[in-house]
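Note that the chains take the letters A, B and C in the order they are written out, and that residue 1 is the start of every chain.
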Amino acid sequence: MRVYSEEIHLSTRGEVDIIDITGDVERIVKNSGISNGIAVIFCVGSTCAISTVEYEPGLKRDIPEALERLFPRDHYYHHEETWHDGNGHSHVRATFLKPDLTVPILDGDLTLGTWQQIVFIELDVRNRDRKVIVQILGL
Amino acid sequence: MRVYSEEIHLSTRGEVDIIDITGDVERIVKNSGISNGIAVIFCVGSTCAISTVEYEPGLKRDIPEALERLFPRDHYYHHEETWHDGNGHSHVRATFLKPDLTVPILDGDLTLGTWQQIVFIELDVRNRDRKVIVQILGL
Amino acid sequence: MRVYSEEIHLSTRGEVDIIDITGDVERIVKNSGISNGIAVIFCVGSTCAISTVEYEPGLKRDIPEALERLFPRDHYYHHEETWHDGNGHSHVRATFLKPDLTVPILDGDLTLGTWQQIVFIELDVRNRDRKVIVQILGL
């Protein structure tokens, strides 16, 4: 059993930038030489999230619109009293979407569906340089 | 340390079918012979999710009703422009609920509460044949 | 490769108590002696959740307010027909937020951001004694 780690670095373009990182994670799985196990994908920071989606232009608009309906940017957030940085909604969205995703690896491949991509979701209100940890455990 | 894999196959009955897969996962843990480690449960596809719930008839109605309030089926989704298949809300719901769940295994048992079952949630608008990967790592 | 387990015990103060357990998880990582791997944090029960948040007083109010907007306590839940215990919204919230979180461990440390804490979220309507399993796998 081995552990293999790599980081993905991203420069994001503000709220709500959704970036397909499937190819990066697949490359890291290959680099690991691990055939059977798991890949844990974790975004560092409290205003971002990892999930899966069919990565197509429609859903890249639908996800931000759903976030805006559920957690409106112009609602009052008490986070503002602490930092005055206008991203209270970003933090709340991140707590609901969570920063981690775990995908099985079978025979050297992630067990994703054909239309199921791994995405980094930028929830902060400005461009950010981001780090995603990919931690692979297996044989 | 070992890795053990099995698949669960499900025939789902449309939107929002919630299926208790706890017994299947427990059986796979036994088959693995692994006493201490983790079980990763992952649904293949971009319109389904894995979570936990107290599996009783009331909540089997409350979860779909909450999904409908938060992500209404008759809202306009841009996904429709790509595929015209009427399941934009299914995809958005799946991105929020996510396809993975990781449960510790201690002394051969999942560490679930008495009223905490593992469920597959069908979010697509039609019956589907589904595959759930159960990946077990441990000793 | 080794597996190391510890439990965290919490006495929670009703709905929606958000408790920072980062220090507990860090201590357990140290106790494990594992330098590279993962920590799986899992709350036992169907009315609680684990996630991450910047743990500051504003967001400790914003998260409960968002939960109340999305899953109102006074909405009618069919769960009531089964148990008459007034916590249908607690269960629905828990299914959406999920009970698990997986964080990579690199060089003996969790890969959290500076402002990213691990939290237990009490979703039930009363004080509870809670158990959180921390399962560590790695080298």
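What we mean here is this: a residue touches a chain if its C-beta (ideal position, glycine included) is under 8 Å from a C-beta of that chain, and two chains touch if they have at least 3 such contacts.
Here the structure is a predicted model, which is why all the values come from computation and not from measurement.
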item: Size of the rotation, in steps of 5 degrees, that lays the CA trace of subunit B over subunit C; value: 120
item: Numbering shared by both copies at the subunit C-subunit A contact, with half separating same from different; value: different
item: Gap in Å, rounded to a whole number, between the CA centres of subunit C and subunit A; value: 19
item: Numbers and ranges of subunit B residues touching at least 2 other chains; value: 1, 70, 96, 98, 102, 137
item: List of subunit C residues in touch with subunit B within their complex; value: 1-3, 5, 40, 42, 44-46, 70-71, 77-83, 88, 91-92, 94-96, 98-100, 102, 133, 135, 137
item: Subunit B residues within the subunit C interface of the complex; value: 1, 36-38, 51-54, 56-59, 61-63, 66, 70, 96-98, 101-106, 111-113, 115-116, 119, 137-139
